[in-house]
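Next come two complexes built around chain A: one with chain B, the other with chain C.
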Partner chain A sequence: MGKLRLRKYAQLYLMVLPTIAYFLIFSIYPIIQGVITSTQKPRLLGGGEYVGLANYRDVLQDRTFWQALTNTLVLSGGMIALGVIIPFIVAIALHEVPFAPLRKLTQTIIYTPHLFSWVVVGGIWIQVLSPTRGLVNEVIKLFGAQPIHFLADTGWIRPTLILLNSWKGTGYNAVIYYAALSSLDPQIYEAATVDGASRWQKITKLTVPLLLPTVGVVFMLSAVGALRIFDQVFILRNAATTRTINVLMTYVYDLGMVQFRLGMSTAASFLVTLVGLFTVGFLRKAMRVDQTDLA
Partner chain B sequence: MRNRMILWLSLILVAVLIAAPVASAAKLRIVSSISGGKDPEEVELFAKEVSEHIGIEVEWIRPSGDDFLQTALRAGERFDLIYLNTPFMDVLVAEGALTPLTDFIKNSPILSDPDVIPPEEWEMLRYPDGEIYSVFNKYEGGTMPIVRADWLEKLGLDIPETLDDFYNVLKAFVEQDPDGNGIDDTYGLSTAGLYDIQPFMGAFGVKQRYVIDEDGRRTIPYASDAAIPGFEWLKRLYDEGILDPNFVTNTTADMRNLFLADKLGMNTYWDMWVGLYNNTRLNEDPNTEFRAMGIAGPVGPNGERILRRGDPSIWAIPINAQNPEGAKKFLEFWHTEAGIRMGSIGVKGHDYIEHPDGTLELTEVGKLHNMDHGVPRWYNKNVINPFGDLPGVKDAEAIINQYATLEISTADWPRAEPIVNEYAFMAITGKMPVADAVRQMRKELLDAGLIDY
Partner chain C sequence: MRTRLTIADWILSLIMVCLILVTVVPLLNALALSFSSNLAAVEPGIHLWPKEFSIVGYQTAWRKLQFWRPFMNSVYVTAVGSFLHMAASSMAAYALLQRDFPLRKPVIWLMLLSMTVPGEAIMVPLYIVNRELGLLNTYTSLIIAGMVSGFTILLLFNYFRSVPLSLMEAARLDGAGDFTIFTRVFLPVSKPGLAAVGLFQVVGRWNQFREPLLYITNKAKSTIQIALREVSMLSDATSGTDVVLANTRMAAVVIGVSVLVLVFPFVQKHFIQGIVLGATKE
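Presenting the complex of A and B:
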């Protein structure tokens, strides 16, 4: 029976082979190599001495790791909250705009920052937030207040980073919400109109509940992405704020690339992966994403 | 017929496989993120000219950053010669990944010549096992205060000597409109973070990074009480708007641009840049009044002055190099007149042209490249710069030779540095009382086992 099935679908199995080979070579093999490296004191020219789980122990005993984990949780908490709520409001507001050209123009403007890399965005905002020549501080000075060094002050850097992340990502998440909004059945709204529902009631009683499954998806995507934030921190950190905003991924980078501790760096990256898997698993279970209409 | 074809194809394949390593062994693979051509086109021209000089085909790889080398080595790439900084060299030596060059240097008529490289300099590269694993890329120099000498003259000020003199000069640069545009738009001092406040901290006898006593116990003087008045002095500059408020986030390029744009009276940077600053402005306008001058840091109450000498940048041969003899040939060439000419002025016919009478002339590209292709200055006393020294460099170099000393990093410095930086910035920018910041810095360093006292 099995042989017959194999023969029957042989051509299809053959067609799947390149994909399987791709994943074996570019995903599975590096992961296996990574696991091996994480149990070694690796040498740069290859090979290394087996050290068991010592690298994992060293990471877990390293204060910088826990500091990076705390920073990651604080930053990602803020980024997820704003990354879910603001685009939600923006999408609903856009949906209420009847004049299509204005709606499209607004969408384009909001989405544009997402198209730029963090290198560009970081460069722009370093100028905009400069305490001497920056636009934001020029406005602050107009009100007679002292300029704020947003990117060098340990008190300001986290909120600044969260806001910049939200500014850059709002357009993308708003598109996801807007797509879900556009797919809602107009008859529901017509029925509500017949029943005498106001615009506000339609938003609060229909739109918001109907969008909740999408909110779940966006929340989960944002949560997974937030654990892997690197670019924005790497670009915007400086000597004064490094310890306040260093996150898990910059910790992994610094260990490997700055301190040349490849074994520990690889062990740390696997721990980050574990944290990510745990988070996704927990969120899927808690939010029952698989059972939603949009999943 | 088919079998014969397969046989021939197999033979060709085997021949290619055998020939490939032989071909690549003859080629010299060099990696440097600093030395060589400035752009992909010039990198190729550079490799071609080096090939002609040493008679070996050269592949010159110029990555944009240091990450490449580490990643490539770990991935199994084989290079014959790699450009390194000393922390990376320490790691590779500890792993036994570099070829010992002690005997080669001793037996090389070029590298062992005291006029080419002073014998005492080699001691900087010698490891406790007695071996030397690298060869200098260039004379490194050091960092120092670089002041606008024309502004000093214009405002009737003398070259500052003491901390009070420095304060008065820097304050005058802010308040007395040295650029004469009638606008309050100049700063006295700028740095790129804590890089480099050593001249000012040196007045209090405080050395940057680690100090190790005779018992092998480590400390970081910036975390000692002796550093408190140094940070207080810098805080005063910050509070009074004399220190560029962007100093925390400045890159070195930001700092340099501010200086070149007549917005800054003093910065702390490499001695070589005294000449590069002057040359840049002279190239823009031969009649410019701009005149940068390197000066010693402020003298402390006990007569002390400390400047920072740069860590050596070096070339090394990995143990898995396929053409180590070719690499050694290059290392000797790099310290000859022809090699130094390439490392400084650049590629013949591209950066400069040679007239029939033997005189050289820089091309427009050469002028832009500022006579720096990785070796702006060199040890070899027999090689004279055909264009003369850049204005101000010789005097600056003399000051560095008198006061600058190497810093001690240790493998723990990358972990200690963020702690030192955070509290130093808090102290200077007034986010924390200076004495509290220094003591908290010391406490954290002690708790983390990064210093012994």
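Presenting the complex of A and C:
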């Protein structure tokens, strides 16, 4: 015990105790518990029976899993693409707009939906997109067209989800881009003006190249979240659309919490995590986003 | 200063106005409906301003649907959870600052591991842990969820690092213990960092959805987001028959963001620093 120097560090031990306890009980233990559960099938009399990798095999042979994987890739692909591109353009527009108050106002307003939960965003848009008295369909009817069942039509639900994601997240990503832009040295622009560069040249030759490193950051942040999509799908899915938009995390939830097939559910979540870690690690390497060093 | 506005400037301004409208119109629609009377709420047409101004939607949501209960539950869970999160994480950040503290390495190791495995991945195991600990249907389960985060520890660690070591040494020579140095020297210096963490926590915990969905089945203990989801689902988008009228549903939405409105003015200010730290340090 001499090595731990309890007397000298007594207070520090107390201060770090909640953190260690939390990580051990709610992070490490669930991982171990999960690995064990994923290799077991429940016995009739309680407890579990070791079945090796059977649960993993069951997941890989489950058509719903592949359906969920496909949906996840399609949805997250669309969400990442829009999440990287639209805010990029918005940030440049913010940077270029000549009135500071208008810029500030726009920034504040488009950022706001990011703070809302998906339940709130869902609640608002279920109303706005309602086929009977929703705002959007009232406008469509003004033009004499048939109302669209955005949230119930299998052809519309995916684009709708992707666009809602954009509605909620554009401001957030735009602020990340904009932060990178506003940290740039204004002298570069002044020098370009002196050299007779036009506004368009300044955007394409200065702003865009200077923003490109941030595209990597935004892409990483969106890609990390991609496999974790849950709330929006869980909230907006219904009997008609569930097969079109069910994602990996709702698949895990349904298996575990609805069907109580805990082994298969945890096996699925570990498969997803492994794929996720592999993808993120690969992207990190590829884009050289450096890890933290605490030194 | 003399500036000449070009066509490009007008187009840019127009883009800004469009961005604002796309964001605001759905919100305005919800707000207008929430303040409409029962009759006006079911009328077809474009609602951007309350027709027949009325608070009957709020009364129905608050009393008849008993939104006061999940609202109070969420206020409690958010307040206690945010406070404990800040306390635990800042103490850990302080401990990590002490280079010769024997548990420094193990804590960093635990922290990085927890940051690698996303919470979603251990959703079901976490449910089992809570069940084993008898925490299902308790506020404690919601408060403990995310009580410490590596992200927060790193953010505060970076603030703490700006404190000159000589200050710490001086305090120590004066006979101050670690906890005193922490509360008297480090916490005051990192007020902006703590404020940022506190705001993120309040927003995150008020919006907490998956945890109550998993851990809480007792309706008396459910939280605002769960209650709001149930009410939103009662409007069936496919059939068009509204079980709960639009004014009540939108009033529920407004109640669902009400607490966030209180923190809005401060969030933007602290947001950029959080993002910059988060993006580079994650």
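In this section, the second predicted complex is superposed on the first by the 258 of 295 C-alpha atoms of A that agree within 3 Å, B and C clash if a C-alpha of one lies under 4 Å from a C-alpha of the other, contacts with A are read in each partner's own complex, and residues count from 1 in each chain.
Basically, a contact is a pair of C-beta atoms (placed from the backbone, for glycine too) under 8 Å apart; a residue touches a chain by one contact, two chains touch by 3 or more.
Nothing here was measured: the structure is a model prediction, and the numbers come from that model.
Student: Quick check on the chain A-based superposition: chain B and chain C, clash or fit?
Tutor: Clash.
Student: Considering only touches as defined above, state whether A:T106 meets chain B (first), chain C (second), both or neither.
Tutor: The answer is second: A:T106 touches chain C but not chain B.
Student: Quick check on the superposed pair: does A:G171 touch chain B, chain C, both, or neither? Answer first, second, both or neither.
Tutor: The second partner, chain C, only.
Student: Tell me which partner touches more residues of chain A in the superposed arrangement, chain B or chain C.
Tutor: After superposing on chain A, more of chain A is contacted by C.
Student: Answer with first, second, both or neither: which of chain B and chain C does A:L212 touch in the superposed model?
Tutor: neither
Student: Which of the two partners, first being chain B and second being chain C, lies in contact with A:G46: first, second, both, or neither?
Tutor: Once the two structures are laid over each other on A, A:G46 reaches chain B alone.
Student: Mind working out whether A:V97 is in touch with chain B, chain C, both or neither, as first, second, both or neither?
Tutor: In the superposed model, A:V97 contacts chain C only, not chain B.
Student: Just checking: does A:I188 make contact with chain B only, chain C only, both, or neither of them? Give me first, second, both or neither.
Tutor: neither
Student: Pick one for A:A240: touches chain B only (first), chain C only (second), both, or neither.
Tutor: Both partners.
Student: Quick one: classify A:L24 as touching chain B (first), chain C (second), both or neither.
Tutor: second
Student: Once chain A of both complexes is superposed, is A:H149 in touch with chain B (first), chain C (second), both, or neither?
Tutor: Touch status of A:H149: both partners.
Student: Clash-wise, after the superposition, say which stretch of chain B runs into chain C: 5-13, 59-67, 311-319 or 347-355.
Tutor: 59-67
Student: If you lay the two complexes on top of each other, which residues of chain A touch chain B in one and chain C in the other?
Tutor: 126, 130-132, 149, 151-152, 238, 240, 256-257, 262
Student: Which positions of chain C touch chain A when the two form their complex?
Tutor: 3, 5-6, 8-9, 12-13, 15-16, 19-20, 22-27, 29-30, 33, 42-47, 87-89, 91-92, 94-96, 98, 101-103, 106-108, 110-111, 113-114, 116-118, 120-129, 133, 144-145, 147-148, 153-154, 157, 177-179, 182, 203, 206-207, 209-210, 213-214, 225, 228-229, 231-232, 235, 237-238, 240, 246, 249-250, 252-253, 256-257, 260, 264, 267-268, 271-272, 275-276, 279, 281-282
Student: Considering only the defined contacts, which chain A positions touch chain B in the complex?
Tutor: 42-46, 63-64, 126, 130-132, 147, 149, 151-155, 238-244, 246, 254, 256-260, 262
Student: Could you list, by residue number, the parts of chain A that touch chain C in their complex?
Tutor: Those in contact with chain C are residues 3-5, 9, 11-16, 18-20, 22-31, 33-34, 37, 90, 93-94, 96-99, 102-103, 105-113, 115-120, 122-133, 135, 138-139, 149, 151-152, 167, 171, 175-176, 179, 199, 217, 221, 228, 230-231, 234-235, 238, 240, 249, 252-253, 256-257, 262, 265-266, 269-270, 272-273, 276-277, 292, 294.
Student: Within the complex, which stretch of chain B touches chain A?
Tutor: 67, 70, 73-74, 76, 88, 91-92, 95-97, 193-194, 244-246, 248-249, 318-320, 411, 414-415, 417-419, 421-422, 425-426, 429, 431, 448
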